[in-house]
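Below you'll find a set of structures to go through.
Two complexes, one shared chain (chain A), two partners (chain B, chain C).
After this line comes the complex of A and B, so read on.
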């Protein structure tokens, strides 16, 4: 695993430890995707974070918000020390889910309830079309989240409105497999009119290649990337033990898991 | 009222390029020209209220002014979490226009009845609820609030007042008359019925078309008796909290004429329902007499 992947995971471990809460399996699953978008794909920087035509990153799988803070820390938007000192405390603006109203740039939506981020992102993309803005919208969804009806309602809308400025990323770590047999996301989304690609969700070069290819296609079709991922990727303990779906590390576990990330 | 609204929408879409309109497959004939001429901003979007609410929130996030038109129970009961999370929590404003006020579809059963609408919306802080009593009032209230940055819900009734069509202001109650024996809160389309009883009587009549935010000041300044009769075409108790908060520390006697909080399993006509549930001048008279004595 490359150095930035390790750094991001260690930030997430530290913040979860400080917050005494978190969904780290889900966070480790999507960190490489979020970093690739912010570092290599999106028209976004700290300086342009409130500009009209910036790209948008919408987190629909809100339980993975702790994946967003480490990326924004490394991009210079926030500081690890600041978030670590206050995350989860009564008056903090940082917690397990985001609250848009507490930020001036950097956070684009409130997450938490599944099935909301994708339609919200489609609304932004539709507005971009109406306004003639070049802004692209990236929305990170969980595979399990696609059990929600609003996800498929939005697929109809995005296709009907020809939102080729919308890119849906499914963090496909087979969470849904424990619930239902969802079948093929590729076939389903293609049937809805999406331009669908697949990638290894932990391989930044492969992700970059796929995102760059999709970004250039103004063909009237909304984009989707099925990113194949592993829950807890970067820590064997976390991958093997599902208790880490919702658990914060204590001081001893923080040391153990940090060591695992370093050695991965 | 519905026609007035659709004409206003057509005007808005033609002249205000930051406005958008989604209809849930109703009212298309009246606005067929703008549907044809402005397909990007004026769309028969399909039948999916909850996803549409989030999509509209996303459009508001980008500075547009979305308006949605549909049937009240689907716009409100089905979408409560979208209203809470995507609109109120994120402080994003859209306009939601609902037809089918309370029992305006009297033969369609519980799926189409929505006497709970104002009560539901008033439970989500930051939302606004408007219930005009006439087409003219709809236009006044819409024009005063549609760009105010809040989620604003408009209840469009097919049974407006015909005798009393006063000018109204968003967020402000009208003092129709003043008296000493009781204060009657007349809501929306029930003003005519209230005035059949109260005209010439020694009672105060306050007329409310904005139910959230509720104008507490006007009530506080016009309730010398501490006796309040709430006459509202919604579930009983919808305004009870506001009345209590407007008159703190007062010994109050409160009577109510409203729809009971129960599942309506009957059909028939609108008028039959209003009579069955006592939203009539006769019942208002009886309740007022009991209160004022």
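After this line comes the complex of A and C, so read on.
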């Protein structure tokens, strides 16, 4: 695993430890995607984070918020020390579900109730179309989140409104497999009129190639990237044990898991 | 105050006035957009859609997504007005309105038409007696129970830049004219429609006209009833309600809604804390809706002027004690 993947994961572990909460399996499965978007794809920077024509990143799978903070720390939006000192306190602006009401720039949406981020993202993309804005909207969804009905409502809407400036990323870590048999995302989304690609969600080069190819492909079709990922990727313990779906590491576990990440 | 109320049919139905008002809003502010979930025929916005395809969006039958899309449009600088029938604009999408709009500090105007018994032939599934309760519970929301067309059209325009959730529950047809065409309205400012000393009737929505009819019947008996339209159920004009409690000593509320959580609830909550006088509620007694004409439903649920009169008698007895 490359150095930045390790750094981001260690930030997430530390913040989870500090706030005594977190959904680390989910965080580890999408960190490489979020980083690739912010570092290599999106028209976004700390300086332009409030400009109207910036690209948007919406985290619809809110339980992976601890994947967003590390990326924004490494991009210079926040500092690890600042979040570390604040997270876990009662009046903290930072928590394991993003809360945009507490920020000016950097955090674009609230997360928590699943099935909200995708409709919201489609609204921004629709507005960009009306305005003729070049802004692209990236929205990270969980595979399990696609059990929510609003996700499919938005798929109909996005396709009907020809939102080719909307890119839906499914962090397909097979969470849904434990609930229902979802069948093929590719076939489903293609049937809804999406331009669908697949990628290894832990291979930044591959992700970059796919996102670059989709960006600006103004063919009227909304974009979807099915990112094949592994829950807890970067820590064998976390991948193996589903208790880490929702668990924060204590001091001892923090050391163990950090060591695993370093060795991965 | 001077009223237009005669009890007869309105000069123009809300369905005739809505689309021209939205168009006025479009002209007033280039950021106003309108979204509908395939009920464009209900408020007659089809022509508006054809004329302004970049301002009017038919989302299809998917209210929850429509609310999320409206939140996104707001983030990108627009002022969305969205419409569906009242149960689908509130109950069906409550989580979306609460979180994607309210909690997320987005500003969206929701219009729920055919509220309560005005759903008539669509029956129980469409007959929303709980929307006031739901929307009142959203922090900072403005909740309007539309009494007549003049009030609705005025507030649609005047609240354009209001922050947060603004909800209008409205009839589409047959709401008698109450207010003069040049009347002005304010959020949180109720209106005293008739002066009176014996009791106060606070009525909202289609029950406002009913309360005026009841006031006339009471006057024939020599009972002087003050009729008040709160204009907004939330924020409630607290100063006015408390003044009425103090001056008339008893209050009857009337609403086309469950007596739990709506106008009657709001008035009772306020009065019991600050000026405890009896508050008697006319409204739906914790029941579901059903199919029927407006007249039949008023009979079924006790929403006629005579029902308010009966309640007024009871109120005056309580006041004596």
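Methods note: the second predicted complex is superposed on the first by the 264 of 264 C-alpha atoms of A that agree within 3 Å, B and C clash if a C-alpha of one lies under 4 Å from a C-alpha of the other, contacts with A are read in each partner's own complex, and residues count from 1 in each chain.
Simple rule for what comes next: a residue touches a chain if its C-beta (ideal position, glycine included) is under 8 Å from a C-beta of that chain, and two chains touch if they have at least 3 such contacts.
Remember, it's a predicted structure, so these values are computed and weren't measured experimentally.
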Room on chain A for both chain B and chain C (clash or fit): clash
Which superposed partner A:130 touches (first chain B, second chain C, both, neither): both
First (chain B), second (chain C), both or neither touched by A:192: neither
Which of chain B and chain C A:38 touches, first, second, both or neither: neither
Touching partner for A:116 - first (chain B), second (chain C), both, neither: both
Common interface positions of chain A, toward chain B and toward chain C: 100-101, 108-110, 112-113, 116, 119-128, 130-131, 133, 149-150, 153-154, 156-157, 160
Residues of chain A defined as touching chain C within the complex: 52, 100-101, 108-110, 112-113, 115-116, 118-128, 130-131, 133, 149-150, 153-154, 156-157, 160-161
Residues of chain B touching chain A in the complex: 20, 40-41, 45-46, 48, 50-64, 81-82, 85-86, 89-91
Chain A residues touching chain B - in the complex, by the definition given at the top: 99-101, 108-110, 112-113, 116, 119-131, 133, 149-150, 153-154, 156-157, 160
Partner chain A, residues of chain C touching it in the complex: 33, 54, 57, 59-60, 62, 64-78, 95-96, 99-100, 103-105
